[in-house]
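After this come two complexes, each holding chain A, first together with chain B and then together with chain C.
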Partner chain A sequence: MGLLTNLKDSISRVTDGLFAADEPKRIGIYGPPNAGKTTLANRIARDWTGDAVGPESHIPHETRRARRKENVEIERNGRKVTIDIVDTPGVTTKVDYKEFLDHDMEKDDAVRRSREATEGVAEAMHWLREDVDGVIYVLDSTTDPFTQVNTMLIGIIESQDLPALILANKTDLPGSDVQQIANAFPQHETIPLSALEGDNMDEVYTKIAEYFG
Partner chain B sequence: MPGPTPNVDGDAPSDDSDDGVRIDMISGARMDGLTGMEKIRLILDGVRDGNIVILEEGLSPDEESKLIEVTMTEISPDDFTGIEIETYPKAETANQSFLDKLMGRESTQKLTVIGPANQIETLHKDENLISTLVSRK
Partner chain C sequence: MPHQCTTCGRTFPDGSKEMLSGCPDCGGNKFQFKPASETADEQPSSGGDEPPATDRQSPPTDRQSPTDRQSPTDRQSPTDHQSPTDHQSSPADGQPAADNRPAADSHPTSADDATAAGDAAAPESPRPDSGTPDDQSVTPNPSGSDPNGSDSEHVRERSEENVAQASARSDVVSPDELDRASRDVESAPASGDPDSDAPAETEGPRPDIDDLRDELNEQFESIRIVSPGKYELNLMELYDRQEYIISLQEDGRYVIEMPDAWGIQDE
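== the complex of A and B ==
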C-alpha cells in the first residue's frame, strides 16, 4: 500500500512538473515611480497581444494597483515564452498627498490618490515576496540610480533568487546615462531602451525570452 | 526639573520636550533577539514618535520588504507620510560565499538610518558617508 502511494506521489510530482513548465511565468515590472513601467507594459502587451495594460501619466502613482496582462506569448529566435505581465505601482517609502496638489488636484482627490498609492505599493511588495517568478526592473536613465529604494529592491529581488532584467528606460531623452545604471548594478546586465519610442525593443524581447523562457 | 520618562519598551528613556530630536542607536545584539515583525514595530514606533533610529546592523532584505509594506499601511494624511531610510550601498551578494548563501547566512551588517520622511533629508551618500539633515517636527 505504502509502495503504491509512493509511486502515485512520484508520478504526480512528475506530471505536475511537466504542466508547471507550460504555465505562464508571472513577470513583475518593478521600479521607482515615473520610470516608465506602464509605458513598457503597454508596449509589450500591444506588440504581442494588441491590447494595452493601463493608462500612462507623468503624474507619479498613476498605477495604484498591480495590473496583469495574461498569456503574452513572445517569440524570439524560434523560442517561445509565455508570460503574465504584472505592472506594479512605483515603489517608495513615502507618500505625501500634498505632492499631488502640485498637479492641479483637489485635496480630496489627492488624499484618495495617496491612499490608493500606499495600498498599491504594499500590494506590490507582497507580490514580490510571494507571487512573481521573475522581475523586469525599470529605471529612468536620466535620473540617479543610486537611491535607497533601488538598492533595497534589487537586494530583495536577489535574496529571492528571482531572475532579474534591468532596463535603462527613456534613452530618447537628453541626459540619458545608461552607463550610470550599469555602474550602479554591475552584477546585472543592463539593457537600454525607450519604451515610449519603441527603441531597442528587439533586444528587450530577446532578453525576456532568454531570462524568463 | 522632571527627569526623562520611561519609553513604551521600558528601558530607553524618552524626552517629551520639543527642543530636540531624539536618536535611538540600536545595537545588533538588541535586534538579534527580536522577530522580524518586532524589529519593524520597534523602528516604526520610534519613527512615528519623530525619532531617528540608527541600526548598527540593518535589516535583512526580507525585513526591508516588510518594513516598506507595513510603512505603507500606516501612512495617513496630515499625520504620517512615511519613512526616509539610508544604508551604505554594498554589494552584499558579491561578498557572500556560496556556503553563506546555502546556510542562509545573509550579510546584512550595514549601518542603517531611518527617520520620518518629513523630518529627515539625505544631503549626501556614498560608500563611506551618509550625511543627513534632520529637522524638528
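== the complex of A and C ==
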C-alpha cells in the first residue's frame, strides 16, 4: 500500500511539473492609443475562444484598464500554444481632455476620461515591468512610427529581453505604410495585418505560436 | 542633524522618531530638514515668518536631492526636505499658529507636511492614499496630552530608512508645488512665493538651477498634472517605479499600491 502511495505521489509530481512548464505565457498587447490593440485582442479572443475582450472605439483611450483574457489556445501546425492576452491602455506621454471634446463629450466626462487614461498608462507601464512574458506591439501603419513612445517602449521591451512581435495594423486603410514601420524597427520582424478586417491573421497566429509558444 | 525644531532649535538625526509627536523640549511641531551634506553651517531658523535673505534660492536647492537617484535612500530627501517648505507655505491655513501649541493640539507636521496646502480644510480626516502606514501611525498623538510623544517612539520598529523612505515615496506633492515645478526659473523667485523661506541657509557650490529643474521634471515626477484633465507622463519613471499608481485624485494626489516587498531592499 505504501509502495502504491509513493508511486502515485511521484506520478502526480511529474504531471504537476509538466503542467507547470506549460503554464500559459502572459502576452501584453502594447502600443500607442488608437493603434487597434483592443480590436486585435478581440479578434484573437473571438477566433479562439468565442468571447471578446473589451469595447473598441475610434475615440482614443477607450481602454483605460488592462483587460485580460486567459487561456487562449492557439493551434498552429498541429501544435497548441496557450497564452493569456493582456490588452493594455494606449501608452502616451501626454493626455489632454481637450482631445476628447472633439468627440462630443462633455467637459466633465472628458476630464474624467483623461484622468482614467493617465491611470491606464501608469497601469500599462506597471504591467510591462512586472507581469508580461512577451509583447505584441501594435502600430497604426498609417502613422509615423518614429515617436518617443514607440522608441521608449521598444527599448524597454528589448532591455528586458522580452520576445516581441511588431504588428503593422490598419493595412486596410489607404495611407498604410508597412515598410515605414519595418524600417523604424529593423531589429524586429514586422507583420502587416488588419485586425478590423481580419486580413493576414493566419500569419499573425503563426508568428504568435512561434514567438510565444 | 537633518531635522531641527524651528521653535527651540533642537536637532534630531535623520529618521528620528522622537520628533514625530512634537519636539520633546518645547512641544513645537514645526521642523526643518537639512540633508547631512548641508549641515556644515546650519543655523536655527526662527520659524516661518522671518524669511532669511537667501531664502529665494531654497526651492531649487531643495530639489537637488531627487536628481541623484542612485539609491533608494536618496529618495527620502525630497519629501523630508520639503517639509518645512510646505509648512511655511501655508500661513493662511492655520499651520503657523500651531507653532507654540503642544503637539497634541495639532498634527505633528512631519506627517502632514507635503499635504499641508491641500489638507488644510480637513486636517483630521484620514488621508485617502492609504498606502502610508508609517505616516498614519505617527500623525495623531494618541494620548492627546503627551507633548513628548514618547509613547509613539517604540511603536515603529522599522529602520530609519524605511520610515523616511516610505514617507518620501508616499507623501504627496501639493498642487502648488506641481505648479511651481513647472514654472520658469526666473518666475519662481520673482513670485515671492511664501514657500521660499524654508531651510534657507543653504550653502556650498550650487548646481545650475536650470539643469536641476529640468532633471527634476524629467526624472522625478512620473505624472505631472498640468491642469485638471491635462497630464504629462514620464514613462521611464512610471516604468521604474516599484509601486503601482492606482488612481489620481483631483487635488493632485495619487493612490498607490505599495509593493509587498517594500522596505526589504532598504534594510
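Here is the rule we use: the second predicted complex is superposed on the first by the 193 of 213 C-alpha atoms of A that agree within 3 Å, B and C clash if a C-alpha of one lies under 4 Å from a C-alpha of the other, contacts with A are read in each partner's own complex, and residues count from 1 in each chain.
Rule of thumb we're sticking to: a contact is a pair of C-beta atoms (placed from the backbone, for glycine too) under 8 Å apart; a residue touches a chain by one contact, two chains touch by 3 or more.
Fair warning: this is a prediction, and the values are worked out from it, not measured in the lab.
> Given the superposition on chain A, are chain B and chain C in a clash or a fit?
Clash: chain B and chain C overlap once superposed on chain A.
> Could you say whether A:Thr151 touches chain B, chain C, both of them, or neither, answering first, second, both or neither?
first
> Check the residue A:His126 against both partner chains and state whether it touches chain B (first), chain C (second), both, or neither.
After superposition on chain A, A:His126 lies in contact with both partners, chain B and chain C.
> In the overlay, answer first, second, both or neither for which of chain B and chain C A:Ser159 touches.
First partner only.
> Give one of first, second, both or neither to describe whether A:Gln187 is in contact with chain B, with chain C, with both, or with none.
A:Gln187 contacts chain B only, not chain C.
> Quick check for you: in the superposed arrangement, does A:Thr92 touch first (chain B), second (chain C), both or neither?
It touches chain B and chain C both.
> Based on the superposed arrangement, let me know which partner A:Gln179 touches: chain B (first), chain C (second), both, or neither?
A:Gln179: touches no partner chain.
> Chain C clashes with which stretch of chain B: 38-46, 92-100 or 128-136?
Clashing stretch: 38-46.
> Indicate the residue numbers of chain A shared between its chain B interface and its chain C interface, in ascending order.
Looking at chain A, the two contact sets intersect at 91-97, 111, 114-115, 118-119, 121-122, 125-126, 128-129, 152, 156.
> Residues of chain B touching chain A in their complex?
Against chain A, the touching part of chain B is residues 60-62, 64-66, 68-73, 75, 77, 81-87, 89, 91-94, 106, 117-118, 122, 125.
> Which residues of chain A touch chain B in their complex?
Interface residues on chain A, with respect to chain B: 91-97, 111, 114-115, 118-119, 121-122, 125-126, 128-129, 146, 148, 151-152, 155-156, 158-160, 186-187.
> Per the contact definition, I'd like the list of chain C residues that touch chain A in the complex.
Touching chain A: residues 222-223, 228-236, 238-241, 244-248 of chain C.
> In the complex formed with chain C, which residues of chain A make contact?
Interface residues on chain A, with respect to chain C: 91-98, 107, 110-111, 114-115, 118-119, 121-123, 125-126, 128-129, 149, 152-153, 156.
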